[in-house]
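See the structures that follow.
What follows is a pair of complexes built around chain A, which joins chain B in one and chain C in the other.
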Partner chain A sequence: MIFRVFEKEELKKLVELLIAHNRVVGPVEAGKDSSGIPIYAFGEIFEFKDLRLNYTTTKLSAKKYFLPFKEELATFRMDTMNWQKEINYNVKSPLILFGLHPCDINALNKLDKVLIHSDYPMPYYLAKRKNTFIVGVNCEPQPSCFCRSMGTDTAMHGFDLFITDLGNRYFAEIHTDTAYNFLKHIKTTEPCEDDHVRYMKIVSERNKKFVTYVDTTDLMKILDMEFQSEVWKHWGDRCLACGTCSSVCPTCYCYGVEESVDIDLKRARKLKMLYSCNLIDFAEVAGGHNFRPERSTRLKYRYYHKHRGFVEAFEESLCVGCGRCGEACLAEIRVPDVINSVRSNGVRV
Partner chain B sequence: MDGEVRTYLGVPLYRPKVAFFEFTSCEGCQLQILNNEVNLLDFFSLIEVVNFREVMTERSDDYEIAFVEGSITTDNEIKRLKRIRRQAKMLIAFGSCACFGGVNQLKNRFRDLDYVKREVYGEHPVESKKVRAIDEIVDVDLRIYGCPVRKEEVEKIVLHIALGKSLTVPKYPVCVECKANENICLFDLGEPCLGPITRAGCNAWCPTNRAGCWGCRGPAEDVNMEEMLRIMKGHGFSEETIMDRLECFGGFSPVKIPEESIR
Partner chain C sequence: MISQLKLIDITKSSMAEKRVGDLSRFEYSYKAEIMSVYRLTEKETLYRIQIIDPEERRRFSFTPGQFVMLELPGIDEAPFSISSSPSIRGEIELCIRRVGNLTNFLARVKRGTIVGIRGPFGKGFPMEEMHGQNILLVAGGLGLAPLRSPIFYVIENRSRFEEVNIVYGTKSPDQLLFTYQYEMWQKDDINLNIIVEKPDKKWKGPVGLITDSLREILSGRDKEFYQNTYAIVCGPPVMFKFVCNMLNEFHIPMQKMFVSLERRMHCGMGKCCRCNVGSTYTCLKGPVFDYWTVMNLKEAI
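Coming up: the complex of A and B.
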């Protein structure tokens, strides 16, 4: 691994250099909530000042750049007796994703396991993932963050460059030759002993700031034991079945496919739309039977996919503990509360 | 509105005879169809319109599909609607007035409907009974929700009828489309919104324009009203604000609102 340090004003140079030649996206301020607190989102960076590297967390995750909410998988050109299929992986240009937190980098690594390193890789995802240059940035833990419990508070791979604010300068972790070549354009130096000490101090200070923890010991087994637990009904009674948890989640990848015909009958399209297991007809099959008509069952299976099924398949949870779902849920259904209630076999919130 | 029969992959399409009718309404839903100039000719090539007051003078009672806009407020409307039902193989409730009574049904809130009539018409009263959705009078085969209807959805439904594809309407709430549009949640902005309980299909039309949902498309198929009321109250919205929204289009009247959860 190659480490470098650079002065703060060099960052502006780097970002401006990247913007000049590439499509750059990163955390931006999308607005302010009713209490005047900034609301962050991932969006296009046109100028260095658009970039909010000290952002708390974004409402929606960055998965939209890899798994768009709606995506055209194929178009069919029809003529009188024939049709022609055209496939487009929808990568317009390489993308630079500047300022991803460790949880979101880990989320992509988890998605890779399903969508790239499985028996049926998804080319639409792969094409976008391979054409994205990722710059990670260290974060300030928020009260809703429980990534430390999920083992996703640091990112080991899945990015090109990771920068940590040392206060006076940036500490850079170079993972790819692309990142190395980009950094050649700004002034960087070899980190000295003082930088190492400073880096370690920042890491240990950050670790003290986590306030929300989830006990995941034996969680897979406990979920099996508590399959019939009453707590699921409690959370089901609260759930709005609006799918917001999945929409904001950086790892929810379930989707539906629909075929549509243009009104001029000249083209047809195969459209993919991200879907949520909490929506009423998620488990409805041809003929109209619904395997999960109750909200409690649907909510339960979302937890079973994240914390049981995925663990069985990949030896890690599909949840990165970013806390977005709990923050976005109007009914205030939060992962730590749900898991704690299952563990203690009762609702104590 | 004649034209040659269109084909899809060599198969001739069935071109049904269609009539549009309006009852107590603003006729804005029918206007939505005309308000879609780009696709208008393609749209009309899929159906043979035999009755459509807003676009043509000819009228015929030889139709298979009837689009019925508006709610029912007079005895004469009841007779007309029943006549349409006898003729139509498929009767479509077109827009929220036809589906739930729409904005018109707000007057049903008053116990004394004569008072309403006096307030509105003064010295010149007209016949106007309690507002009813059309399915309170006749059987309805399909409902197209919205105030107004969304033209893309109408187009898709008509296209599916022509192609013989099944017709589906989203069962999930507006939040799904709102999140896909990457909107800031209106609750974060301190605005009331019925998005979490209202049927999607409008592509989150109002929330995307930073206006909270008023529930014009009626309830989604799995509505947690109790929790929704708790949330609205928790965000500091008054009972009046909540009821104004829930009662505006009539879609939520079949959903039981537990009294105690509002007070």
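Coming up: the complex of A and C.
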């Protein structure tokens, strides 16, 4: 692994250079909430000052750049009796994602496992992943973050460049030759012993700031044991089955496919739309039988997929502990509370 | 010095760690023609569908129990189990009930319509493993559609199986599927036991639930019969529990009981999660499961 350090003003040079020649997306301030606290979102960066690298977290993850909420899988040219299918992986230009937190990078690594490194790799996702240059940035743990419990508080791979604010300068972890070449445009130096000490101090200070923890020991087994537990009914009664948790989640990838014909009947489209397992018809089959008609069984399924099934398949959970779902949930259902209630076989209010 | 990213085309083999063939297969449909439309009952129709390209036709084969995704561009795409003989390449028969958007549209199409076929997907019944054994095929209602493929296999390889029983039940006699083939099955020394819940005036056969017929067949056999019997079960969700419980009661080995689960896949390739049972993809690990696996899956049946 190659490390470099650079002065703070060099970052502006780097970002401006990248903006000049590429499409760059990063955290921007989208507005303020009622108490005047900034709301952040991933958006296009046109000027260096738009980029908020010290952002807390975004409401939506960066998932939409890899798994758009709506995406055309194919279009058809229609004749009277025949048709031609045309497939496009929907990547017009490369993208630079500047300023992803470790949780969001780890979310992509988890998606890679099921969408790329499995039977039937998904070219739509792979094409976007291959054409995205990722710059990670260290973060300030928020009260809702429980990534440390999920083992996703640091990113080991899945990015090109990772920068950590050392206070006086930036510490850069270079993972790809593209990143190495980009950094040639600015003044960087070899990190000295003092930089290493500062880096390690910052890491250990950050670790102390996590306040939310989830015990995941034996969770797979416990989920199986507590499959009939009353706690699922409790959470199911609270759940509004709106699917917000899935749409803000950086790792939810479930979808549905719909087709439509253009009004001139000359073209048809096959559309993939992200879905949520909490929505009522998620497991409905032809003829109307629904395998999960109750909100509680759907909510339970979501936890089983993330914390049991995915672990069974890939030896890690499909949750990065970013806390977005809990913050966005109108019924205030939070993952740590749900898991703790399953563990202790009861809901503490 | 480079400051601009280059667009990477993943369809160029050197650009992706995955083989291009694997990637293009994701959304690839075989173009196929509906060769015949055969009305079975008021609601079910049998479609014979042939892949158009001769080379693709030669390559396309499947095992009994597998399914395909059938697409009518602009209308919808849905999973259907294959109902025809696995020894015919490049041509399949699908028995489809008129029940939703796509199937209602299909009920109106004519011979010669071009459709898209993706697949075959999933794991089928391990037919070769069953050689030398007794076979018990239990179907409820439309559940006969996926069982017709293993029935063809059994007929075509009849000498390799011992006693073969089909237990088939529907609500009423007018819902019975493939009535024109019953004689052929019986001539191949297959015991056909049909039972209906609500008989009409012409019905002379047994009346009752599928488990009534099943009990009759299984009662009073020797231990060896149960140990050497493979059971294949397919039907509506309520039926599975009662049939499987009864098979269990007679000590048919769990690893010799196979069920084919119905779920509404949107991709067939382990991506959309719509067919997940617990957290198992029915499209990849199923739709055929042995009973031991089903017992370990939560909320399967």
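FYI, the second predicted complex is superposed on the first by the 348 of 349 C-alpha atoms of A that agree within 3 Å, B and C clash if a C-alpha of one lies under 4 Å from a C-alpha of the other, contacts with A are read in each partner's own complex, and residues count from 1 in each chain.
Simple rule for what comes next: a contact is a pair of C-beta atoms (placed from the backbone, for glycine too) under 8 Å apart; a residue touches a chain by one contact, two chains touch by 3 or more.
Note that the coordinates shown come from a computational prediction; the quantities given were computed from them, not determined experimentally.
When the two structures are aligned on the shared chain, A:127 is found in touch with chain C, with no touch to chain B. Touch criterion met: A:260 reaches chain B and chain C at once.
Once the two complexes are laid over each other on the shared chain, residue contacts for A:328 go to chain B alone; chain C is not touched. By the touch criterion defined above, A:69 reaches chain B but does not reach chain C.
In the superposed pair of complexes, A:247 makes contact with chain B only, with no contact to chain C.
In the superposition on chain A, contact is made by A:295 with chain B only, not with chain C.
When both complexes are overlaid on chain A, the residue A:78 reaches chain B and chain C alike. In the superposed model, A:271 lies in contact with neither chain B nor chain C.
Between chain B and chain C, the partner in contact with more residues of chain A is C. Where the contact sets of chain A with chain B and with chain C meet, they give residues 78, 81-83, 260-261. By the touch criterion stated above, chain A contacts chain B in their complex at residues 30-31, 33-34, 39, 41, 59-60, 64, 69-70, 78, 80-83, 237-244, 247-248, 260-261, 263-265, 273-274, 276, 279-281, 295, 328, 330-331. Remark: chain B residues 6-10, 39, 42-43, 46, 155-156, 159, 163, 165, 171-173, 175-176, 179-180, 182, 184-185, 187-190, 195-197, 220-222, 224, 226-228, 231 touch chain A in the complex.
Residues of chain C that touch chain A in their complex: 1-8, 10-11, 15-18, 22-27, 29, 71-78, 97, 99-100, 103, 112-114, 116, 236-237, 262-264, 266-267, 269-274, 276-280, 284, 298-299. Considering their complex, residues 17-18, 20-22, 73-74, 76, 78, 81-83, 85, 87, 89, 91, 93-94, 96, 114-116, 118-124, 126-127, 130-131, 133, 178, 181-182, 184-185, 224, 227, 253-261, 268-270, 275, 277, 282-287, 289, 291-292, 297, 301, 304-305, 308-310, 312-313 of chain A touch chain C.
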